[in-house]
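Structures given as structure tokens follow.
Two complexes, one shared chain (chain A), two partners (chain B, chain C).
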Partner chain A sequence: MNKTLKAFGVALALSSALAGMAMAQPTEVRIGVALEPPALDPTAGAAEAIDIVVYQNVFEGLTRIDQNGAVQPGLADSWTISEDGLTYTFKLHDGVTFHDGTTFDAEDVKFTFDRILSEDSVNAHREFYEPITGITIIDPLTIAFTLDRQIGRFLFDLGRGDAVIVAPESADNNANDPIGTGPFAFVQWDKGSRVVLEAYGPYWGAPAHLTKASYVFISDTATLTNALLAGDIDGTNNFATEALAVFENNPQFKVLVGTTEGETILSTNNKRPPFDNLKVRQAMAHALDRQAIIDGTTNGYGTPIGAPFAPHNPYYVDLTGTYPYDPEAAKALLAEAGYPDGFSATLKLPPVAYARTSGQIIASQFAAVGIKLELINVEWAQWLEDVYANKDFDLSIVSHVEPFDIGNYANPDYYFGYDNPEFQALIKTLNGTVDEAKRKELAIEAQTILARDAVNGYLFELAQTGVWNAKLTGMWQNSPIEGLVLRDIAWTE
Partner chain B sequence: MILFTLRRFLGFAATLLVAALVIFWLLDLLPGDPAQFILGINATPDSVARLRVQMGLDVPAPERFVSWVWGMLQGDFGMSYTQRAPVAELIWARLAVTLPLSIFAMVISIVVGLPLGILAARRRGKLLDTAIMVTAQTGVAIPNFWFGMLLTLVFAVGLRWLPPGGFTPWNEDGWASLRGLILPSLALALPQASILARVMRTALVDVTGQDYIRTARAKGLTMGEAVWRHGVRNALLPVLTILGLQFAYLVAGTIIVENVFYLPGLGRLIYTAISERDLILVRGATIILIVTVTATMLLTDIAYALVDPRLRERSTP
Partner chain C sequence: MKRLLSHPSLVIGLVATLLFLAIGLLSLVWTPYPIAQIDIPRRFLAPSAAHWLGTDNLGRDMLSLIMAGTWTSFLVAAVAMAIGVGVGVPLGLAAAAWGGPVEWLVLRLTDFVFAFPAVIAAILITTLIGPGAVNAIVAIGIFNIPVFARVARGGALSIATLDFVAAGRLAGLGNMLIAWRHLLPNVMSLIIVQGTIQMSLGILSEAGLSYIGLGTQPPETSLGLMLKDAQSVFLIHPWLTMVPGLCIVLIVIALNIAGDGLRDAIDPRLRQGNPNVLA
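After this line comes the complex of A and B, so read on.
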């Protein structure tokens, strides 16, 4: 008995020593992420979890978005835009291969976009690329896109996960065996457990510092905390703010606080009374104490916003003062709108911590001005059906996480039902404008209209709060696009 | 005996068919559209509609039910909506974690629970008996996710002897896979071992008062020998029943433990599939669980009849 116990102890000690050695290995990284992607093809699904694993790691587009949100050359070395802004000619990088060894050339680019635009395309953002009317291969490394109208953000849209270049030989299997041109090749996916990527030797660009990266799927915050503390994973890109204190003063970890593209809003059904009344929406805006919401929901991480626009964007204008927190003004506006005693409404909350918590805070802030909210918790799938697809809601709370999604407000059929021809015309002009200064002017005007009309309650920009091993460098602090780019991550001593 | 087995088997098949119908129908009522889920909140209605057609969701429900059952009879569980992989393959991969986990937990609870129960019964009314029963009572009351967290804090975060969770595939490093299952199976086994100890003790205390024990003692056996040779075997009957039920409970209990230890098991698969409205996967996995549970019941019934001839005779007309 004693002997076996001893043997067991020795075995345990040995194996933990072995584990320790593996940890000292300086070229591998294990990253904890909350959500497992349903599939790994970013051109056939919108889930952020897909981009977290593959965007700019396994797959690349003609352009790529850098950590400041700017457009950089990707598989296209350079491009020219015709005078009328309708023809883009791309010079492709020479000597690029896909991870299965096939060569990348203009044929693959044409294939990728034909696939996005085809009749049975399941790309989540086909509409971004719909203005493309012609794709001409000039030579194997030169390709021209013809558009039927100017698109101001065409180069950015080409850098999205939806437009990464795939090969005709492998595209059909990308959901489970993704083959791209990126610095990391897909190795294996243990479903429910992890995805393993390995540096791709013949990569055309600067080689990655890491040789191997694993994404480990851990949905529970307490479990993730333990896994970080035990050294089982080396970091996570977005950790729950309520438990961040565990790592803030721990010298073995660093906490990276940055911005995201997630504008958290109190979505309002503008077609349904009383929310069709501007005065009511203004009253609600005056009733919101943003700082209190941020403090209570995310422990103070996040930036108040006055319009659905990311504060780190160069076009951003601070509009939080449009309808400042003022319960008295809110009551007065409600009385003017014909609701001196307030009214009752429902608030449907999806299953994310920021929504469930801020929902309760908003309910109490609204109660102070006479608006009684009934909180209804729903699952994501149910939220998508009830709120998003069927527009059966009064109010909801959700974060819109895509870059530059202000254009949704120009769609009168979008779920908040905002129908303003002036704004629609403005967005149309903006989309067709290429000149930077002019674009900025138009974007500011657009934000101002949305703030003035109080279409939704604009709450705060979600913060990105990463927790990483203190010896890791090169992680993106901000998240200007969905993804977790491994390119620059390295171990230091 | 054959007739008995046959009758039990027919009951088993009928249960499955009814279960299949209920599962299909209930999940069809659930609000939420898998296509919308996949494409997210900025997708155009056109894209969603195209995906629905691709996934075969535009077909009427009765037709989908028939083709689903027909497929399963031929071993084809269909393709997962969100993961785009065969359902059978996905489930099979997860069983490689959930089955060993349940079996380990089962073995631990038997190895720990039964001897403790016997010991407590032999020392009935003594301090040891009280100590064991108080511990067992606590074991039943502690939720296994909490116990799991505690184990992680001590053995993974504190001592760093074992991984805090995760799972290495068996074919990669069997020893690492095994290590990954130690803490979760302990967490799962604790309440089961406690229940077994209590049941074993009660059953043994019951038989110790029986005439045949006194006869055995009169034959010259010591109390220990009498209990061991004649008592324990008779006391095993109720324990067997509990064991059968426990296995079903264990397989279901893995859902929580798999989340605490982020193990890629069946429980977590079902949990995510429900939230993603991957209905075909949920249905397939649920059917497999029902088959496992009802088959265990069937086997328990048969084992029961084998141990106790009276049962088998009574149920034969």
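After this line comes the complex of A and C, so read on.
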């Protein structure tokens, strides 16, 4: 009996040694991500989790945003802009095929944008593309866009996940079976578990280093920690900061700390009393101790913000001093607003650690000035329905992760209900301005208005804290756009 | 009383249980620090004179949290047990006293509830009506009902055939009075023993529900919620999981020892020095 067991043990050791040799040059990567996407079509949903999986991996746009946030050629090799800034002509790359074998040409581009702009469009950001008035196919590889006004960020907007090119043959099924032109083709989606992508052989550009990539959905930090330590996954793009210390001094891992476009805010329902009162919102702003929130929620990995704008953006202006932490001033303003004894409100928290933890801290800080918060934990689906769609909330905490999403504040129907015609006019001017210096001036003015009006409580800019196997290279340190781009990721020895 | 005290396990269990209960009760009037007081600069402190059990990830005093959490655990388990006793015992006695279709109905109902895995069903209940301590009580309480119904019926059945019950019937007592005067006093000891066991199970269930986020909600606290908060930093600050974890273990052991001791002390057939009764 004992001998059999021993023999079995030796055989096992041998086989694992052999397996180890075979794995010497791995070309697969398994990435842990916290949230499972609700679907896989980036042109039909606002969830960041969709872009994490498919953006620039399965789907590509005419332009491509690189890891510094700059615009690079994508499916369009080159472009020309007319003198008046209203016509963009794109030369498309030749020989591109979709993963189902169909050919990519100007017809697909026209179809994509007609779909975004159609009456029944489900695109999360139709407004970015609304200035497009005409799409002309000049030849199968040349296409021209006509705009009704100048848009300063048009080339950037074309590189977003919302504007990736889809084919008329497959667009309807992209939610569950995404077919794009990217370096990776979709293989399978085990719901609740993982999505598997495989390198697409006939890819038109430089081939990816990896042959296979799996996104494994692990929402629990402790489970993620164990999966990383056990080698069940090779990395994650955003690891919970409170447990980051586990990996910081471990030579088997590297920790990549960078910036994101995620402005974490205390979303405030500006249409609902008492939050329609500017004094109340100012009082709330004075009651927030940002540094304590950042330390308690993200272990100090985060930058305080005074307006919903990313600190690494060249147009950024530091407005954290507009309403500094001052509980006495907060109490005085509450009294002026007619709430000398404070008031009670609810705070709906989505299931992300930054929201649940900062919610408790904010409740404690607000209690100090007399505002009593009832914390209500909700799941994402419920959050999207109650808070985002039906606007049935007092306060919430969420990170807005889209680049340059200050334009949301110009939409009076957006969920926090900020309706300021002065600001709306300003954003309209900003969007129509191409001159850099002028744009910067306008962007600063826009930030100043939002800071002054204390539309929401502006908390901090999320940091990106990736944890990866030390032998992996090519991951994006910063996250200038929603996505986890596999293109440059490779194993080294 | 002397008989009770002659069982050392009972004494140890009772004393430990009462000690935890006293700590929990004390939290109602006094804790070293307010439990909702978040103080970020003093987070993750090691145990010290100012904070006997250290501080947690939000700078809250661990001792205060443990005190309040212990009270939550006891309260949830006790109310849930009260629901079980209040509904289950009358059902069980009715089954024994009336028999026939009443008994059939009670047994089928208890079978029905028993057929669900308790924790899964508790998750279902709290998912449907929302998380929170009150809903956790309801969920745990519902699963206490069949336990007490069976214990009461089982105990009552063996009593119901005895002569004094027959005498009661001859004297004209109805089923209701038989159950009340003769059956209930005689199954009381069984119910008390079962009650301590259900208390420990209730404390475990509350901790489990809170741990998966369906029980007590912040800023209230419970031992399970503390475990949940601490688990993501387990590798860095294991102390934060050990304290509430050990508390749960100790309370459950104390209740179980007390329950075993009570059974030994109350059940005459198990009384030492009188083994012949067993045969």
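Keep this in mind: the second predicted complex is superposed on the first by the 463 of 493 C-alpha atoms of A that agree within 3 Å, B and C clash if a C-alpha of one lies under 4 Å from a C-alpha of the other, contacts with A are read in each partner's own complex, and residues count from 1 in each chain.
Definition applied: contacts are C-beta pairs under 8 Å (C-beta built on N, C-alpha and C of every residue); 3 or more make two chains touch, one makes a residue touch a chain.
Bear in mind the structure is a predicted one, so any value in this text is a computation, not a measurement.
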item	value
Clash or fit (per the criteria above) of chain B with chain C on chain A	fit
Touched partner set for A:222, first chain B, second chain C, both or neither	both
Which superposed partner A:242 touches (first chain B, second chain C, both, neither)	second
Which superposed partner A:47 touches (first chain B, second chain C, both, neither)	first
Touched partner set for A:230, first chain B, second chain C, both or neither	first
Partner touching more residues of chain A, whether chain B or chain C	B
Touching partner for A:70 - first (chain B), second (chain C), both, neither	neither
Superposed arrangement (fit on chain A Cα atoms) - minimum chain B/chain C Cα distance in Å	5
Overlap of chain C and chain B interfaces on chain A (superposed complexes)	220, 222
Complex contacts: residues of chain C adjacent to chain A	36-38, 40-41, 43, 57-59, 131, 213, 217-219, 231-236
Chain A - residues contacting chain B, complex	12-13, 15-16, 19, 36, 38-39, 44-47, 119-127, 175-176, 190-194, 216-220, 222-223, 226-227, 229-232, 351, 379-382, 384-386, 388-389, 398, 400, 402, 405, 408
Residues of chain A that touch chain C when the two form their complex	220-222, 225, 240, 242-243, 245-246, 292-293, 295-296, 353, 357, 360-361, 363-365, 367, 375, 377
Complex interface listing, chain B residues touching chain A	30-34, 36-48, 50-51, 54, 82-85, 90, 93-94, 97, 149, 152-153, 156-157, 160-167, 169, 175, 179, 259-265, 268-269, 272, 275-278
